[in-house]
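Common to both upcoming complexes is chain A, partnered first by chain B, then by chain C.
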Partner chain A sequence: MSKEELIIGLYSLAPLIIAGITAAIILVISAAGESRAGSGRLRAVNAAEKLSYLAFTAMAFISAVHFIKIKGPLTLFHNAVFFDHYSAAAGFIFSVMGIFTIFIAASEMKSESSRFQPEYYALLLSAAIGSLIMAMANDLLAAIVGIEILSFSTYILCALDNKNKRAVEGAFKYFLTGAAAGALFLFGLAHIYGGAQTTFISEIPSMAAVNVQGPGPGAPLLIGLVFITAALLFKAAAVPFHSWAPDAYDAATVSVAAFMTYFVKAAVFILIFRIFAAAFIFMASSITGVLSVIAVITMTLANIAALYQNNLKRMLAYSSISHTAYMLIAVICSAGVYKNAVADCGAYIIFYLVSYFFINAAIFSALAMLSPGENRVHTIEDLKGLGFKKPFFSASFSLALLALAGIPATSGFIAKFFIFYNAFLSNHHALVLLAVINSLIAFYYYIKIIMAMYMQKPESGETAVSFGNAGRESAICLAVSSALIIILGVYPEVIVKLAKLAVISSF
Partner chain B sequence: MQSTISYIPLLMTMVFACAVPFILIAADYLLGPKRPDARKQTTYECGFTFEEYEDTYSDRLYVRFITVAMLFILFDVEAIFLFPWAVSFKEFGLEGFIEMLFFAAVLLLGLYYAAKKGVFEWD
Partner chain C sequence: MHQINMNFINLIPLFPLLGAIFCFALRDKKPSILCGITASLMVFLSFVSSTASVFALSGAASPAGTETVIVSNNFTWISAGDLKIGCDLMFDRLSAVMLFVVTFVGFLIHIYSIGYMIHDKDSNRFFSYLNLFVFFMIILVTAKNLVLMFVGWEGVGLCSYLLISFWWSDPANAAAGRKAFITNRIGDFAFLSAIFILYWLYKSCGFETGFDFIKLAENFKALSAALPSSGFVVIVDLVCVLLFIGASGKSAQIPLYVWLPDAMAGPTPVSALIHAATMVTAGVYMCVRLGFLFAASALALKIIAFTGVLTAVFAAVIAMAQTDIKKVLAYSTVSQLGFMFIAVGCGAFTSAIFHLATHAFFKSLLFLGAGSVIHSLAGEQDIMKMGGLRKLIPGTFTTFFIGVYAISGLPLMSGFFSKDEILLYSFAGPHSSAIFYALATLASFLTSLYMHRLLFLVFYGSFRGDAKKYGHIHESPAIMTVPLYILAFFSIFSGFIVFFKSLNFKTLLASYQSAIAAANISHSSEYSVMGIALTAAFAGLIAAYKFYISSNDYLSKINNAFAAFIKIQENKFYIDELYDLIIISPLKSVSIFLHKIIDVKFIDDYIVGGTVRGFKYINSALSDAQSGRVQGYLSAMAAGLAVMTVYVLYNSIR
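Let's turn to the complex of A and B:
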């Protein structure tokens, strides 16, 4: 490796290196604080929080610099990773997500009764490493390393409250299904290697054209693509691979559930889109039928299941499953008939992820403000009568729920609009119709929460939840995300333009 | 024809691999002495019986064995990487030496973490 290669390698991997070193320092802090009891935990948690906050900020800054400075797509480390606008944009999004997660987690981590260790932050950083590798991967073997780093961090985060039986159960379910998904991915990868003689995303189209004889895209490639897609849909929790999601979200603490809804989903969709657009666009038409069916089943089943949920986190889990389906529609359309289909769909997926991220950050920071430190399950009944007692909280929470439902003037509406409009242009009319009907079904359960807050009185006269004074960071997060929901809803051009730039220059 | 013949050893290996477990289980069943007692009938897992720990560990897995096994695998893998490096030490030169030191440092950090968290406190 020459000196120039080394320097550009270090430069491109700077966010990963920062995350890795910071995670290691946090582990040392945690281990060194182990022998001291009582206030030792709180001190270590505070130090770890500040360090990880600094690291994520630095990562966001460096990714932004990458995004501005990169001239065109590069492949580094013997083609193992891409270094392009797409990966830089992904790095920026993941870093901001990390910062918001730290804010949401503050009230859980810092209350006196909390048992959570500073490792929480190290795991967040290692999850960021995994998802960045997924976003940068050119070699599918590198992609699977990224997927596993992200998944293992998430399993542990999910089981962090290891004295709680439900948490361990949910994490274990997640672990088993996730392990199955990893096996599926490897199996698919073996078939792709058999069909195309390469594991590099950028080489699959040309190699496949050389190696395939006779008509059709070649059975091994198709089998491989189906298995890889199934594995990634496992991680993204699409029906029929969704069964772990409600249990895992319910088991995890509020901030981890938030992290799983936006962070893991973003990482998975960024990888799915890269694989689809860069490697398999030439045979996408042979799999869009299957994906359409999966999208329709996913949204219908998730929305109907969510109607019957009373537990807030389980309802949000089903809601997140239904949003997977909407993003899947954009993936399907990237094989579209009209010009620029790939660029448009990629941009709309990124915009949807960003919008969904802010909405969920708002919702989960609101949940984190409820009864901090008590670690109890919140149902819709608990929210009765909050509406006028806590005007700021209830208004922001309602705004976020309406954005999830897709009311105009929120980012949720515009994100859905882009995707549906694009699907309409690609002649997927039935898909659009079913998606719109499903959005209407979803209204019911989002409105149910708002009704409980504003129009119903609690039975005992007192509201069932306390607010305490630990929720300052969560309140900041709620306010910022709510503002961003409105700003993106009214003025989405900036993000869409940047996302289009990223996708056009990278694919 | 030539290509078909070259696969025959593979086929024979597969047949043999399938047959071995049946032969072993059948031999055990036919030849082995059978003196069952309650202890032998219980579930056996990773060096301890569930019965033995039923009172103290009724719902939590006894985890020490697994952590130690994990650490063993960790350093096993390190050794796998160290051997080829040691053989071609001269070719890799200073650069390889620094890379290996870094690799070992990361694993040592893990060992320090495990030790501080009390993995080696065997009461």
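Let's turn to the complex of A and C:
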């Protein structure tokens, strides 16, 4: 490795390095004896929070610099990682998501009664490391390393409240099934290596052409693709690989649930799109049928399961599953018939992730502001009668819900519109129709929450939740996210253009 | 046509609109005379501005042989593709006549209403609606294009609805308003269809008119040249018939007249202004405004004249048996509107407008007089409980007397001149017919008969009502009687307008009538028609005198002889019942069927409810699947993966 290579390697990995060092420092802080409880814990949490802010801000900044300065796609470390606009954009998005997550976590971390430890921030940072590796991976082996780093961080985050049996149970189920998914990925990877003699994303198409005899891609590649797809669909929570999601969301605290909805989902979809568009687009026709069926089943079952769900976090888990299906449609369409299909679909997936991020940031920061008391779940009943009592809170929360439902003038609408329109152009008419019907079904359970806030009275006469220790941070996050929902809904062009640029220059 | 641009005419509709807004803002405040005065003042200002416009119009120099029109091109209201419709007004001599009627009669009725409505707790709202009505009526008569005219058309319909059901707390009044509204919808549907066909007709020949009346008229000749003549005639016939159906809804002609008698549920000034003098004549105005179209459709003219003559006779027959003072006048209005349509159908557009104007004076006079009678009898409307009021309320009596004489067409009253014109044209006009003439004369006789019956029953003989009430009978206050005197003056003298050659009334609509070949009417036929008309009018008077004053023998004999017929007549020939039987009841049964069976049972219960039950079922199945057992989760994953693998491999070898 020459000196230039080393320098550019360090430059490209700077966000990971920052995240790693910061995580290590935080672990050291929390390891100190007096950091476990009382005012010592609070001090340690404050310090860790400040440090992780700094780290994420620096990562965002460096990713932005990467995005601006990179001339074209590069592969580094003997082709193991990509260094391109796509990975830089992903790095920037992950960093901003990290900052928002810390905001949302503030009220549950910093209250006097909280038992949560400063490791929380170290785990966030290590999750970011995993996601960054996923976004940059060229070698599928690197990708699985990234996936596992992200997954393990998430398992632990879910179980953070280790005195709560429900949380531990949910996290453990997530871990068990997640381990199975990791095995699927590796199994699939072995088959791919058998078929194409390579594990590099960028080389699979050309190597497959050389190594596979006879018509079609051949059984090893097909089996490999199916298994890898299944593993990634597990991480994205698509039916029938979704079962972990409701339990894990329910187990997790509000900020961790938020983290799982947008952060994990974004990391997984960034990787899915990379693998699908860069490595397997030549055999897309053999997998799109299955993916379409999965998309339809996923959105339908998720929406129906959410219909009568009273537990808000479980409902949002199902909602998150249904949104996976919509993004899956864009993945399917990237193998579309018309020009620029890859660029458009990639851009629309990124836009969807960004829009979905802000919407869920708003929703979960609203949930973070509610404090239903120890070990109690958020239910729709908790929200009854809040509408006119807390006008700012209720209006923003309703706005975010409407955005999830895809009402015009919100980013949720535009994001869905792009994907559906694209699917329509790609002649997936039935898929669009079913997706639209599903959006309609979903509207019911989103509007149910708004109805509870504005049109129903709490049974006891008093609202069930208090805003006692609602952090300032959550309110700020709610306000900013709501504003961005509207801004992106009215003026999506900037993000779409940048996303298109990233995809075009990287693929 | 010579157009001069004067934005001044925008003031005419503006004033009543401001008044309406002002009064509406005060609708919840304590009723005060302020609203009445403001509303009246606004209509008066509008009258002044339209008078000023008349002077501007007559003062404007116009090239020889052309007609001058004041226009105000304000702004483009609708712009869709290459269709541009302006919010533009025009003021020509036809508008001038209509505006004089609307603003002047409207002003007098506003003044009268101050006295009539002073005790009503909602009088502010009343004046707001009344001013709004005047606004829409002015829009209707000054609109420069057909679409804007339709706005006024619908607007007056709305105000009519609001004012008929003004005392809405009585369900009967609300029902009457609804009936008027729905009946008018039928006509409006035809009117709208006509507008669409008209657009298509002009468009297909490449004319961009924006429905502008002037352009429509100018391009009409070229249009007839551009289309094959047989097809053109069919389309123009269709348009004209549809337009007439629209007109017959608003102007209460057979078969759509049924709403007008019920509309008497509104306050009496409303009946006078909207349901006698102005709105109901809008149909006639529309036909005349689009005279160039109707002139080209002989079929439509025949239908119009026939409908008019039928309505005139039919309504007159019904009017003879009515006992409610306002109902008699309502049927009389229907009958007189029939006369106007006879004129239209015979191609005598000027005569139609002439009768429209004189009718506006004497019919609003009669209604206001009736209002004064009702007012002095504290709400009594049954003429069988009146009688001998001549001495008690002399002012009302005198003016009512004049009104009756004018409408009966007795010599030298305004009705005499205008009705004579119509009879003359039905006898010798360009589209005349002996049947039309004979029936019109019969209607004229009946008019005289039932109007005198009304006069004699109310004012002559002895009081038949509650003796206790007798002592309380008093003349209405001056604020109500002065408008009566003024209207009486015009009821007498407005007919003489034909003698003022300088006003040139006969050629009011020269440009429109030119389409119809002027008939050469001889003096002999003029005099003979006049003689017969006078005979008919006097015969009506004498018959009424015989029946209702000199002795009751004749009446009871007739009553006995034709008892069955009179029963039918009293019940208005069961037309309402007939409509109920053939239209409303079937519709209601269909509606009930759709509601009870289709909506509630089928859609709500099976489709909607079934969907909900289905979703609930799947939902509970899914909840069961989400059991919390990791074995189950992993089995589902494995099964899914197996299906995926088999599917993909199977697809690849196929």
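Convention: the second predicted complex is superposed on the first by the 496 of 507 C-alpha atoms of A that agree within 3 Å, B and C clash if a C-alpha of one lies under 4 Å from a C-alpha of the other, contacts with A are read in each partner's own complex, and residues count from 1 in each chain.
Note that in this section contacts are C-beta pairs under 8 Å (C-beta built on N, C-alpha and C of every residue); 3 or more make two chains touch, one makes a residue touch a chain.
On a predicted model such as this, the values are computed, not experimentally measured, just so you know.
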**Prompt:** If you stack the two complexes on chain A, which partner ends up touching A:Leu42: first (chain B), second (chain C), both, or neither?
**Reply:** neither
**Of chain B and chain C, the chain that contacts the larger number of chain A residues** = C
**Request:** May I ask you to decide whether A:Pro240 touches chain B, chain C, both, or neither, giving the answer as first, second, both or neither?
**Result:** second
**Message:** In the overlaid three-chain picture, which partner chain does A:Lys165 touch, first (chain B) or second (chain C), both, or neither?
**Reply:** first
**Message:** Once chain A of both complexes is superposed, is A:Leu27 in touch with chain B (first), chain C (second), both, or neither?
**Reply:** first
**Prompt:** In the superposed arrangement, does A:Tyr308 touch chain B (first), chain C (second), both or neither?
**Reply:** second
**Message:** Looking at A:Ala190, would you say it contacts chain B, chain C, both, or neither? Reply first, second, both or neither.
**Reply:** neither
**Message:** Residues of chain A that sit at the chain B interface in one complex and at the chain C interface in the other, please.
**Reply:** none
**Prompt:** Hey, which residues of chain B end up touching chain A in the complex?
**Reply:** 59, 106, 109, 112-113, 115-118
**Item:** Parts of chain A lying in touch with chain C, wherever the complex brings them together
**Value:** 169, 173, 176-177, 180-181, 184, 216-217, 219, 222-223, 225-227, 229-230, 234, 239-241, 243-244, 246-247, 286-287, 289-290, 294, 301, 304-305, 307-308, 441
**Request:** Sort out for me which residues of chain C touch chain A in the complex.
**Result:** 615-616, 618-619, 622-623, 625-626, 628, 630, 632-634, 636-637, 639-641, 644-645, 647-649, 651-652
**Prompt:** Hey, which residues of chain A end up touching chain B in the complex?
**Reply:** 24, 27-28, 30-32, 34-35, 165
